[in-house]
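Chains: A, B and C, in written order; residue numbering restarts at 1 for each.
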Amino acid sequence: MAGNSFKRRFLDVLFDYKTEKYVDTKNKKVGVLYRLIQLSIIGYLIGWVFVTKKGYQETDEAIQSSVITKLKGVSVTNTTESGLLVWGPEDYVIPPQGEAVLFVVTNFLETPKQKLGHCAESHRVLDGHCQNDEDCEEGKMVVAGNGIKSGRCLRQDENSTGTCEIYGWCPIERKFKPQGPLLKNAENFTIYIKNFIQFSKFTFSKCNVLETTDASYLRRCRFDEELHPYCPIFRLGDITRRAGYNFQDLATSGGSIGIMIEWDCDLDKGYSNCHPVYHFTRLDINVSNKTIATGFNFRHSRYFKNAAGESYRSLFKVYGIRFNIMVHGKAGMFSIIPTAINVGSGLALMGAGVFFCDLVLLYLMKKGDSYRERKFEEYKSKKSTTEDNNVEDRKGVADRII
Amino acid sequence: MAGNSFKRRFLDVLFDYKTEKYVDTKNKKVGVLYRLIQLSIIGYLIGWVFVTKKGYQETDEAIQSSVITKLKGVSVTNTTESGLLVWGPEDYVIPPQGEAVLFVVTNFLETPKQKLGHCAESHRVLDGHCQNDEDCEEGKMVVAGNGIKSGRCLRQDENSTGTCEIYGWCPIERKFKPQGPLLKNAENFTIYIKNFIQFSKFTFSKCNVLETTDASYLRRCRFDEELHPYCPIFRLGDITRRAGYNFQDLATSGGSIGIMIEWDCDLDKGYSNCHPVYHFTRLDINVSNKTIATGFNFRHSRYFKNAAGESYRSLFKVYGIRFNIMVHGKAGMFSIIPTAINVGSGLALMGAGVFFCDLVLLYLMKKGDSYRERKFEEYKSKKSTTEDNNVEDRKGVADRII
Amino acid sequence: MAGNSFKRRFLDVLFDYKTEKYVDTKNKKVGVLYRLIQLSIIGYLIGWVFVTKKGYQETDEAIQSSVITKLKGVSVTNTTESGLLVWGPEDYVIPPQGEAVLFVVTNFLETPKQKLGHCAESHRVLDGHCQNDEDCEEGKMVVAGNGIKSGRCLRQDENSTGTCEIYGWCPIERKFKPQGPLLKNAENFTIYIKNFIQFSKFTFSKCNVLETTDASYLRRCRFDEELHPYCPIFRLGDITRRAGYNFQDLATSGGSIGIMIEWDCDLDKGYSNCHPVYHFTRLDINVSNKTIATGFNFRHSRYFKNAAGESYRSLFKVYGIRFNIMVHGKAGMFSIIPTAINVGSGLALMGAGVFFCDLVLLYLMKKGDSYRERKFEEYKSKKSTTEDNNVEDRKGVADRII
């Protein structure tokens, strides 16, 4: 019997609904203030957090991306060193296999028929300058130079400053100040960019190439923000123009262009609403003072052997545009956790609003003290003695106010 | 004395515990409803947020990764243009230095002994077609062609459509429709993938190569999801099979395969529980209509010089499989902030539950109005006058209800 | 008239401020406990969440980065196979175009004048061992070997184990155990690292190259953590030393070094306070047992043709240091949402503190039952009948307690 009645009382306590007691202050000023606070929190939550910032979505910013590029176009150059040359993509794209970072040669200086041997170090190398043979210690490398000192100082006459004789690839590359791009046609080369992306959190993947039934469209089209925003073929001249620079200027001494592909995918809206957006930036400038760095070039060489088996090489100093395709983006999809967090924190902030309004009520209102007496009921233990008979009943009741 | 008593009263107010007053409605219906709401929030918090989604963890999704690859295997090809050739990794891996993106040649067309000179443009190039010499303006580039027009139209007879004569690398590459892979053995090549990763937020780093004392294991083993899931050596044929494609089909006209390495590390479980998982996907297909794009190939050339110093070259059109090793993953570790945020938002949602139950109590229960009177105590300022003597005492007390 | 009065009463209810009723228990123990809980939550919120972890900031961890590298320095090697060779960046940097992942040759073995033909397989290849011709099935590839078996077993005498004759590039590369780096000067090579980064969420971009008016500084300077932390030019020997390894050891059999560039940008502090920090790690070691893997090398080849048009090649096995420049980082900027979430969750946790203190008050304090009676007011419906006249007025009032 006793156990049974305890159980009943326990269930009573567990399932009796207890509701907080409020004092209706009839104070309209604080009431309006409270409603305003509530309204602004709800407005912030709905307007900013949910509608603008899509706070109900879980996001995946770790985009995985694979980029394949392919260039098309031919150009002809005619220089004294190299003669009449025809350049195809296999020559002007470095590396030729179509990576996300690729270099297009637009200007070059060939130093053909270099052989290992002795010749004078370049005048441009400070460490190679000498007055007499003692300045050219045999076997020492020329700092930032082209070879190893042989011990001789080569001078035109007794008084002039000479340069050390070196052992290296001779003749040494001549001084070259690019006047204009040699591959004039490079502006019309086209680059086809294929970008496959994946958001592994949502197992969502897509390709930037338009899924069209018109196969010839992907052969004819050229990217254009308004007319062909999903065509993956870009004219090099258009890319530099969109980045804000003149192609011929860039092509002369080289430069670095970033092609940003941005994927901002709202997966709640479905597969077909997720599209890439292309941005073009020049990467080799300082943002603050806008001074353009000296350009972009590097050297590579082609090795040959003559009939006697001796090596000789052609050294190429190539100037050009380095394209760096950078893919970024995020995908968002409805998820209960961020929604709960945002709603929960909004509700908690409403609690802060209550606290603030209470402060105003108690300390800024004229009748503050009178409100306080009603809000804070004094605890008088004598009064409780009159209800001592009830106390027994409540003993052992576990978690009454949970 | 007055200061002292003020101080005492201030401390009284600061440290007197004030507890919210509740009305016990004895309403079981709303009580059960409230307990149900509480239970579902607690269930969501523990079951979903903490156990399933590990909401108590701070995560680092910005994985840093370094990939080194090395291929092994030899193959032989025999073609009319190139003769009997032996292919080692130094030949069929492009680039040879073992990057995360690598290309394995499985098929190729060599156009040997190309020299700069005059020959007919290919019939496949539309812009090279001509009826007479006027169609071939001297000095103009052939669009998407192989060289510069010399001004002559080459035709077999008066009525046929000819092609312009061009200056370029001659002879021009012949038409080639791959029938089957030339490097038949490519299926058995193995790729060793070494992947070093780091989560800088937790200064945690690891390598995918199994830390074993059995050195020979890493020479013998082949990756297998079940038997050898941590062996970093993959047979190319197995990779394509796991991606869902036949190796010989892929090898014929080329393709692109993504090797995803996924690191999902629960750092609370320790270093040894963080393992890579490998996924294989084909990247050059459209997900929606499953049509396979035309394959993957590019051209590269090898330059030679004859005894007279004239350049000639071998042009290689190589077909093959492009492997793109993409590393992603996340690490999670217990952190107080996400725990606090999730617990806090859960508690705040319980506040919303209280609000909802109050609504039910006051507007849906029969005795709603009666409950309301008890919940909302009317403020009667007359009553407060009887306690005016206490009011003075409380003046100046700063933050009573904080 | 009735509509008007209803509207007035509705506005009354909507804008009357209702404040929660508290019981002042005068209990100092629980009061102090409650203040302590409040203090620790506030301390956690301000000290940890906001000051230490910058919880008021929205962060972007998806850094986009473009890296350009350029090496300088010359070295000389002298070997029996290759003779006296001068190495410039165009030779020892692979690939030469200055990528984020680059390889610097420090040691090499050239196998010159390889021609396609027949020779004995290497003794190091297990599958090439044979006792008689039957072990060398004609036309089969040697597993992990250098060519295709011709069907003959080559042995020095009747009893010894021989190797199969193969068709491949002959002579086969000899066994080579690197004794010391051949490019001794490699330690003094310098690498110039240009790193452009972008945080697209905040449209913030920066370059690691110091924006200085002193142009010559960027030519002279060498990176040093204390003296020149923003100089982007690194001596190779310094890099390995900072990673904790001796350059000469690494250079002998090769290795892999990670150059981590960390950008931790507090965008609230402005553009000029965002600086890169450089870290150097060795990547080819196992973190747990610190055993160093066998080094890093790969093979590449240079193809030549003799006067008769026959191909021959030089095979290079190159050992060296692979530098992997890994850029990571995050940017933070004040945002209302994370601030609201953190403040909200802190406030909600205070609610949990109230709950805990109530538990203490009711179940651990001596006067717990007496407190409970005051906290939980019994609902007596008879009392409400005396105010029945008021009930009518409140009917239809929509959301009184919202």
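Quick note on the criterion: contacts are C-beta pairs under 8 Å (C-beta built on N, C-alpha and C of every residue); 3 or more make two chains touch, one makes a residue touch a chain.
Treat the numbers as computed from the prediction; the structure is a model and nothing was measured.
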What rotation angle takes the CA atoms of subunit A onto those of subunit B? Round to the nearest 5 degrees. 120
Taking all residue numbers at the subunit B/subunit C interface, are over half used by both copies (same) or under half (different)? different
At what distance in angstrom does the C-alpha mean of subunit C lie from that of subunit B? 14
Specify, in ascending order, the residues of subunit A that touch 2 or more different other chains. 18, 20-26, 61-62, 95, 304, 307, 341-342, 344-348, 351, 358, 371, 374-377, 401
Residues on subunit A engaged by subunit B in the complex (per definition of touch): 12, 14-26, 61-62, 64-66, 68, 70, 72-76, 83-86, 88-91, 95-100, 113, 185, 194, 196, 198, 200, 205-207, 209, 211, 271, 302, 304, 306-307, 336-337, 340-348, 351, 355, 358-359, 362, 367, 369-377, 401
What residues of subunit A sit close enough to touch subunit C in their complex? 18, 20-35, 38, 44, 48-49, 53, 55, 61-63, 94-95, 101, 103, 116, 141-142, 144-148, 167-169, 256, 258, 260, 262, 281, 283-284, 286-289, 293, 296, 298-301, 303-305, 307, 309, 315, 322, 324, 326, 328, 330, 341-342, 344-349, 351-352, 354, 357-358, 361, 371, 374-379, 381, 384, 387, 390-391, 394-395, 399-402
